[in-house]
Amino acid sequence: MDILQLIQSNLLTPVILFFLFGIIAARIKSDLKIPEAISEFLPIYLLAAIGLHGGIEMRNTGFENMLIPMLVAICLSLLFTLNHYQILRRLGNLSIFDSYALASTYGAVGAVTFSVGLSFLKNQGVASEGYLAAVLAVLEPVAFILAIFLTNMAVSKQIRTKKQSFVKDNASGIDVGFQETRTKLSQILHESITGKAIVILLGSIVIGYVIGESGFASIKIVFDDMFTGAIVIFMIEMGIVAGQRLDDIKKVGVFLTAFAVIVPTFNGVIGVLVATAMGLSLGGAVMFGLLLASASFIAAPAVLRHAIPQANPSLYITSALGITFPYNIIVLLPVMFTVSTFVHNMEGSIDLFHYVLKDWV
Amino acid sequence: MKLYAVKLLTVTCEILAQKDVIEILKKHGITGYTTYEVDGNGARGIRGQGFKNEKNVKIEIIMREDKLQDVVEEISRTLFADFATVLYVSDVSVVRAEKF
Amino acid sequence: MDILQLIQSNLLTPVILFFLFGIIAARIKSDLKIPEAISEFLPIYLLAAIGLHGGIEMRNTGFENMLIPMLVAICLSLLFTLNHYQILRRLGNLSIFDSYALASTYGAVGAVTFSVGLSFLKNQGVASEGYLAAVLAVLEPVAFILAIFLTNMAVSKQIRTKKQSFVKDNASGIDVGFQETRTKLSQILHESITGKAIVILLGSIVIGYVIGESGFASIKIVFDDMFTGAIVIFMIEMGIVAGQRLDDIKKVGVFLTAFAVIVPTFNGVIGVLVATAMGLSLGGAVMFGLLLASASFIAAPAVLRHAIPQANPSLYITSALGITFPYNIIVLLPVMFTVSTFVHNMEGSIDLFHYVLKDWV
Amino acid sequence: MKLYAVKLLTVTCEILAQKDVIEILKKHGITGYTTYEVDGNGARGIRGQGFKNEKNVKIEIIMREDKLQDVVEEISRTLFADFATVLYVSDVSVVRAEKF
Amino acid sequence: MKLYAVKLLTVTCEILAQKDVIEILKKHGITGYTTYEVDGNGARGIRGQGFKNEKNVKIEIIMREDKLQDVVEEISRTLFADFATVLYVSDVSVVRAEKF
Amino acid sequence: MDILQLIQSNLLTPVILFFLFGIIAARIKSDLKIPEAISEFLPIYLLAAIGLHGGIEMRNTGFENMLIPMLVAICLSLLFTLNHYQILRRLGNLSIFDSYALASTYGAVGAVTFSVGLSFLKNQGVASEGYLAAVLAVLEPVAFILAIFLTNMAVSKQIRTKKQSFVKDNASGIDVGFQETRTKLSQILHESITGKAIVILLGSIVIGYVIGESGFASIKIVFDDMFTGAIVIFMIEMGIVAGQRLDDIKKVGVFLTAFAVIVPTFNGVIGVLVATAMGLSLGGAVMFGLLLASASFIAAPAVLRHAIPQANPSLYITSALGITFPYNIIVLLPVMFTVSTFVHNMEGSIDLFHYVLKDWV
């Protein structure tokens, strides 16, 4: 199947179609809405299902192999976040706050995107490494922490500079500033690692690992068989919310629109290649790429609004949800799948690299 | 039943700023308040569609007049610039003035 | 099975029993309640399931045959609405507003009734034409539009008459009145065709058509296997709401109570006969009859409260939900099923009519 | 921190009349308001059981005194007859009077 | 449009005391009120997490001044000791004073 | 399997693990929360499922055998409630109000505990008598009614004594007091037997009985297959709520903590023995014991807050939910299962007692 065919067949799955339907419903100003309680519950459910599934897989396959991909993902995520910042600040001329906020939004991961990725692979009949759910959990706060740390550094440097030039004598003021920054940082750190997404995901991974296939049997119908149906319902709401934001894309501007498409493509393809080099399976490489390509639009505002309140939330929510998310699930997933298929077929050279890498570690 | 005059401060703001407001209250020794989620429209556009984090919250605080100025001042200073916020003060009477 | 037996066996299905249970719970003033978010979500879910099912069926069987039943349904719905108005205004002596509101409530269709009808047929092991979901979607706004149009005409005629007799010279006032009527009409038209029921129903039909049986497989458990269970839960809430309204039936009066039973019976049986004449299957004829017999009690208030605010909502909600709905699902469904079985057994004559009709078109 | 006296108009009405109220506000150039769903009891009986459409909504509008009369008049004239509606006006003080 | 001065009584209490408050209102011939669920913090700790029964409710009653004293007195006497309750009274103006 | 192994294997089921997970999530102050609408709906769903299942079982096995266990359960529940009161008042020195409130909280039954018990038995591959669902329904109000009656008696005695000593002449005042007590009692009686838990449970039992296995088929997936998955989701919320209350345990004190562990153990083991003596199956005896061991933490506050407003709700909620519930589902269930297995293996003597009992009736 060539890439366009794959995009088309992906486009015609219920998950994507109901997302597009949601967008249309919002555009024609329908009063259709998934009640808040349901749309708040669904991500919890999806993450629990992802976690359980990942945990069970890890029990089956061991998690010795998890370490390297995890570390590589963290490094890439940090590198990419810094890279985003440079692009946004230099090329995009965005404010320091907006730049850091957007940089970490795109450095972070999207749990909904991950769910759609899993259902995409299911549809293709391809499996992926279970431990990627753990990578998802660990990756979530990494980019935020870096961005928040750097923002706070930048802000306290600004304050310090101001203080030094104006009130030369007031040294304790700076210390207070530092102190406050540190307090705030540790507070935000706590907030982001006790955020519901990470907590339910990690908890479910552990539980999945403990109960294994046999313990899962009694809840399989709810946490496995109903998974795709639940995504479909959630995608209606995602479509509606994205559709409501479509007008805001004008405010986002050409630069950011381009950023929201090009950067995920770059990150995602690099991700696929690196994952393949590390020996991940065809599907695993796609999911690894998706982790790096995805932007966070549910966890991001919750953390960033406190951490970098000066940044304009409609910039990062709109670009992540209104542009990158549809692009990722409709176009980039099939593209990465094709890339992954391609590089997994020229196994020889890759495996070589893999062995080299393994020797090296 | 004698009623005593106190102040009611009402803050309508982004749900994500709720924590900050309550932090400020605590700093001024106020622990009593009532909160509930609301929708709204204002300078920052319609709020309440979409994600829950994009809703507003109303925070109502009955307090004695002497703390009012400081609290209002701090909320205005720290939140008005970055968050969708509206606040207003009204006169109310209560039975147990010592409670507030 | 004779008709009484059929009513009895229908009465003893979970769907009907839980509805009656809900009524009892409300009557003994229990605090039992299905949380709002759930009871708002369930109709959306039910309509999505109905739509997907209908769309898949249409892909299997084509939708060439849909056109005539659709047009006939629209015509009958319009005719019936006019007929209701005459009965209500002339025989019932109701106000012009109440008459139009009730006429269209009974001219419109009830999505919940339709769901119960499908589960009734499932229980009887009888299928129905998938395109009837599309007829449901199209029929929904038809009666409203007619009633609103006529009400607005009536009101502006009244205004005009008043104006002519009092302020002979003020012609522009009438124009303004007309203008306003037209604006309001187009606004209400928009509202009723972008109403959530129609939107989710049409969207799901299209998606069902596109994905077909194979694309549906991954979400079948949620959107098919769970269907009856979901109806049961919704019926508890319907029962509770109906039960809370039982006191209001006194206010509805004898005339309207009789109307709420006789008119659906008449419409429904005509519907079954016409559908059979058009060549619909046994089950399809029942569903076609049910479309015409059912009254709208969720969509109606939302539209009518704006369109005809002068009408008393408790009249049309109470009679549609408190009387017609229970009557339809408990008594009329089995009656129509019996009629349909009967006329489908004397196929010869009917088929004849069918061929004549086909030749004629 | 100086506080400025403005008016707070509160309209409690059927949820289906919300659109009409907001329409009226818009007509008078008012775009800021806060809304939330409530239950209630009154001349038209208990509201808030049953279907969501049968709930009430509260709409709160901070506004300058000069617009108040017209808005109250129009809401009274167009909605009181057909919809379950209650409205009241109170005196409140705000920090940024120019916002309203 | 003439506005008439009346009183607005607001009771914030445990959801399980709502019935008692409404009972008291009924006893004094008052059938109009508006209610909604809220969260809160006060002398009895944070309320609104956990079970629904542990939430608060706000009950708002527009009434004529003459009934106010008795109602406030009875609510204070019967509920203050056993239930988390706060009440306050404010001055509001309405269009149809005869309605209350 | 010995008792420690059984506790361990129980500990590692999804139901228990997700409960512990919820506790941890609350302790680390995560913002994880099951939306209110979902956590309000789940008990209704669970009770409907329990009721349907029980009703169907009763149709299969008849309900002649139900009478004795039901009466015995009521008697034991009343006895235990009185016993709790004595312990709490005498040994614990609690106020009369707190004593009665706690006595009835532990005399009443916990529907959630019952659900967990059923899933525990399912896991062990052991069945239980269907009519125990009916016992659950009947037992629910019994302890409350007794406690409320006694509290009201105590209060009016107090009032009477006061009156007699102070205002000798005012006899009508006492009558009014009595009158009020009786009104309040009948009101609370109505409230507690029309409470949602009892209503949905009884309704579902009747419906289950009426529809039987065959009528259940169409809703089996929702009301049976999804049962354990639904419990798991509910247990997350239970864990969170319990975790939030863990700090309050300090306020509960050592005496009440001991009470919250010892009393259920005593009641539960007695229950298992009595049930075995009455001829209930292995699983049935466990469930019977669980009924007596469990404390009510959802229905209790709703009833007691009105009935005995002077009692401190955080005492009875915290001890029932924060101590007894985890203890019951983690430790006591396996203990009772072991006891039941043991006494069911020395069948001879027990059966003897059983026949004696049967002859006697």
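Letters A, B, C, D, E and F name the chains as they come in the text, with residue numbers starting at 1 for each one.
What we mean here is this: a contact is a pair of C-beta atoms (placed from the backbone, for glycine too) under 8 Å apart; a residue touches a chain by one contact, two chains touch by 3 or more.
Nothing here was measured: the structure is a model prediction, and the numbers come from that model.
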Legend entry - Common touching chains of chain F and chain C: A
Inset, instruction - Could you run down the chains that neighbour chain B and chain D together? - result: E
Inset, instruction - Name the chain whose C-alpha centroid is most distant from the C-alpha centroid of chain B. - result: C
Legend entry - Chain whose Cα centroid lies at the greatest distance from that of chain E: A
Inset, instruction - Look at the interfaces A-B and B-E and say which one is made up of more C-beta pairs in contact. - result: B-E
Legend entry - Approximate Å spacing (C-alpha centroids) for the pair chain E, chain F: 34
Legend entry - Whole-Å gap between the CA centroids of chain A and chain F: 44
Inset, instruction - Give, as an integer number of Å, the spacing between the C-alpha centres of chain C and chain B. - result: 47
Legend entry - chain C, residues touching no fewer than two other chains: 35-38, 40, 221
Inset, instruction - Return the residues of chain D touching two or more other chains; collapse runs of consecutive numbers into ranges. - result: 36, 90-91
Inset, instruction - Identify every two-chain combination in which the chains touch. - result: A-B, A-C, A-F, B-D, B-E, C-D, C-F, D-E, E-F
Legend entry - Complex contact set, residues of chain C against chain A: 35-38, 40-41, 44-45, 190, 194-196, 199-200, 203-204, 206-207, 210-211, 215-216, 218-219, 221-223
Inset, instruction - Show which residues of chain D lie in contact with chain E when the two form their complex. - result: 10, 12, 36-43, 48, 56, 58, 69, 72-73, 76, 80, 86-91
Inset, instruction - Write out the stretch or stretches of chain F touching chain A in their complex. - result: 12-14, 17-18, 21, 24-25, 28-38, 119, 122-123, 221, 225-226, 228-230, 232-233
Inset, instruction - Spell out the residues on chain A that touch chain B in their complex, using ranges where they run on. - result: 36, 40, 240-241, 244-245, 298, 301-302, 305-306, 309-310, 317
Legend entry - Residue ranges of chain D in contact with chain B within the complex: 1, 3, 6, 8, 31-36, 62, 90-96, 99
